[in-house]
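Following this line, the structures themselves.
Look for chain A in each of the two complexes below; its partner is chain B in the first and chain C in the second.
Let's turn to the complex of A and B:
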């Protein structure tokens, strides 16, 4: 538990430099380009959310896009209401077309920014807590978690498409206003907006890192390895699993809110199969064991897609599939695993060199050697 | 006072009665050995005590507390620790991390979220030196030898510090020297902890046991000190003769 923290911090610091300094510099601080990068950050955040439940606790949530989509819709509902303020009765346009008389009750709270922002996190957390509570108390694990989360997401997506008068149906929520935070009207094509997203991402990654590095994170890693054994040490496994599952959902909710802002609409594709599976691929490519690596996976794959999809067009999906297969076959721990293997080799090399020369010194005073190890 | 009481404990798996109306009274601080041929229901008895298997009927009492229907983690919190037959440690975690999992006096999320480092001092240092893993603190458990893995699981149980410890073949796969060390460790635990040990190694049993319980086909066959058991005709017939042969083979 003590070891490895410093490596985390180095990786984290490098990541901070990359998204706070290098990425804006790469596009010459152009607000328009940074809007695209802000989208990558939001998607990277979703990959981080998946890594938290999948990589840390071993719970593969194939329906991660459900909570992502809910976050997006919650933000879009607020912005849609703002955009519809001048309409008769403040009704969004699609409601008028579908002959709705008045605003449904569950739309009412989203007039308020505060409630919207809180709901964007808490509703996903609550839903995940409920689903997770049922699943994990029932000791559902492994592939069954994946199947249940996937089918729940698709069911909700179908409902969203069907209930057009409430949700905008297949088209989703379009024609959104811009968010107003404490009197600041958020222009998504500015450097400031990019730093808002980047700042939130850094805060979320910091909190996630604290969770993973705490003893609770250790228990989650133990659960990933052998949930049965963990129970016999007195840990309430289901509760820990619900914790990881719902925090992950909360992060996905935040990512979804930013995503709706960046793209200026929310649609049922946000809780669709292909996006949900894409999260899995990004996390796998970056390395699901590390939240920062998974985030980088999300950002990196999307950057590559941005560059390459112009060149390859439809074949991009195929390329993405090939990348995933290559990663699964040859890099089961993702690019992060590659880095860690390299580090271990380096350490071994270094150790062999030093033990050869200091073996006698170590033997004469083993206690001090252990003390040094313990203080790390 | 009895630390652990089994009352008419029965479990059947699809008609097969694995444990049949078993009564057991284990005193506080006692070291009880559980013997019996393969399939006698020894491991199943341990499973019933620690909650891995739910009984069909009967009761399990820890002190005066009925724990028959408690979930596993609640039994562990109540004071039942378990060592499994095949050493079960967390292979991807290193030795210190495994011990941190074992150190589960405060297992709630609210407390574990606030723990960030394992102090390599005090009890952890003691336990590490007791099981000889001081030099392997940062070794991943998967890279330990079989004997070391057994010791690591024992060490985790020591960290857990349960009142009642259930041991399923703790010396399996150990060298003679390691077995002797284990016996010494058990004698040290005796008195402070109540232990139930399933074991096939008769030399080890003679070395450590207060009272021996022999099971056969899920029922209690005999109970007494080691001399009484070894001279018991029924036991010899069911079990000991076989073991004797094995030992000479």
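Let's turn to the complex of A and C:
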């Protein structure tokens, strides 16, 4: 078992304690405050999704917000339909304003909760599978992956803004109802909702860790180090890359669904350049090599933003930019790298100490020390 | 017929702006593999310098050009010495660090100058249109087209006909051996980065009569310019020029046939397909590497 994985497990346990016990305790189980924390968890999930493709397989996806935004829009479409049920023809208000006669066909399925929840994961996975297959079959790597994903995201965002009668345009989808799951009307200002988000995050992180630990995870890490060599071993590199890319998109879709629920609207900024690069910043600050660290990066940066932006107002952006430059320059592996370095130093320290004590034992009583060695 | 020629002219004018922004980016990317996402913010800084010179001293855009170039270059030099030079071994990390630099520059401008739009007028002596038949060509746009060709030529001359260019090309081909011959690669990189940043600032000041100057104006520009560089092929000045012409004209035509948004979406999709099948760009500089 590699060292990173055992660290991840300890980190995972501590992380579980943190988000399940410490965070709710910090705000005294106040449902209102926990709503904000649920938002941080959703964003942390998006950072985890990015870390899965970027940190594990080395595919820098600058368009991660695309799949995040699609998840958010899918959830918002369902909730919007629910809110508009009383309207004439069940038509959302913005469609009435833009003189739409009836609901477009691709809105129809989202009357159903089940289809919505499934689509929130499967549509991002499908899109990522298509674009991933398109890119990776052509052995596109590095910067070019970043450019293609970025361009695709911008193209979709432009379409979303332009087609106001279908998507609500620049305003997005507002005035949403609350989700109803198996007869439980989800109130986003309750402790229960926080635990729903936290529970999903834990499940997703567990699955992601299992993936990283599996043979597929090993192949992905090998691809990150040297794709050409992995190809020479006979592995289908593109298939593994598409796998990582699609799973990452699915996680981002779930994160987007929660994000739309927490904020009670979906807007084109969810698939914008700034948010997409913010994901990258969070994952880099936490440590892209570890999914848990990246999640913590997402939660931590947003928490700090929540606390410090009251103090510094707009200057927070400035501070974030400076922090980011410093992390890239001096901590290329993020805070996770710092922890790993510390652990290595600690190990070296103890190893030296034990060898030193053996050596001194040898000096003081060479015969018995050798005898002991011989007994083994 | 008239509308057709008008579209060609608008395309040319878009091309010239794209070219000026992309040229600095292409040189920086070609010479040291740094993907400078802060380039759009350099353009923004150039636009603010033009605004400052006009509002404080009454300099028009063209009179202010040398000052704008020098200030942009100094800014680039400062950033290269403090941050960029530590990242030459890690090209993907340059995306991240320069994005951070972009955030900081944008926020600094917003803090000290405010988020409001600023307006810069075009120089008085370039007011008016040149009318040939049905085609209306504003003198200022004509000036920009001519100026971008001039910059293109100057950059080519700098890289291929001066001692500086020879040294820089030597460093690009083989850094270690060049250093053995006494060329300081650090100095070459710093000067190249400064030149690229200066070009960005000049581009920023020249586009001020078309756009309102805001702290956020850089982000969209850098994406377009970057697409131009990638499509053109790394390290090729002619490629950058050709791809700026292609993208500029295509944008004008597609916007004319459909609308602005559809035009842009089609361009983005075209670029995606192109990168997929020709990641080395349309006109890669095969001699260099």
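Here is the rule we go by: the second predicted complex is superposed on the first by the 349 of 376 C-alpha atoms of A that agree within 3 Å, B and C clash if a C-alpha of one lies under 4 Å from a C-alpha of the other, contacts with A are read in each partner's own complex, and residues count from 1 in each chain.
The rule we apply is simple: a residue touches a chain if its C-beta (ideal position, glycine included) is under 8 Å from a C-beta of that chain, and two chains touch if they have at least 3 such contacts.
Keep in mind the model is a prediction, meaning the values are calculated, not measured.
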Next item on the list: Please work out whether A:222 is in contact with chain B alone, chain C alone, both, or neither, and reply first, second, both or neither.
Entry: first
Note to self: Per the contact definition in the header, classify A:322: touching chain B only (first), chain C only (second), both, or neither.
What the structure shows: second
Notebook entry, point to check: Which partner does A:243 contact after superposing on A: first (chain B), second (chain C), both, neither?
Noted result: first
Check: Touch check for A:114: first (chain B), second (chain C), both, or neither?
Finding: neither
Notebook entry, point to check: What is the contact status of A:151 with respect to chain B (first) and chain C (second): first, second, both, or neither?
Noted result: second
Next item on the list: Quick one: classify A:234 as touching chain B (first), chain C (second), both or neither.
Entry: first
Note to self: With both complexes overlaid on chain A, does A:183 touch chain B (first), chain C (second), both or neither?
What the structure shows: neither
Note to self: Does any part of chain A touch chain B in one structure and chain C in the other, and if so which residues?
What the structure shows: none
Next item on the list: Please name which positions on chain A make contact with chain C in the complex.
Entry: 60, 62, 134-135, 138, 140, 142-144, 146-148, 150-152, 154-155, 158-159, 161-162, 273-274, 277, 280-281, 284, 314-315, 317-318, 320-322, 324-325, 328-329, 332
Notebook entry, point to check: In the complex formed with chain A, which residues of chain C make contact?
Noted result: 35, 83, 86-87, 90-93, 95-97, 99-104, 106-108, 110-111, 219, 223, 226-227, 230, 261-262, 264-265, 268-269, 271-272, 275-277, 279
Note to self: Going by the contact rule set out above, which residues of chain B touch chain A in the complex?
What the structure shows: 50, 52, 71-74, 76-77, 81-82, 84, 88-94, 96-97, 100-102, 104, 107-109, 111-121, 134-135, 137-138, 156, 160
Next item on the list: Show which residues of chain A lie in contact with chain B when the two form their complex.
Entry: 1-3, 211, 213-216, 218-219, 221-222, 224-226, 228-237, 239-240, 243, 366, 370-371, 373-375
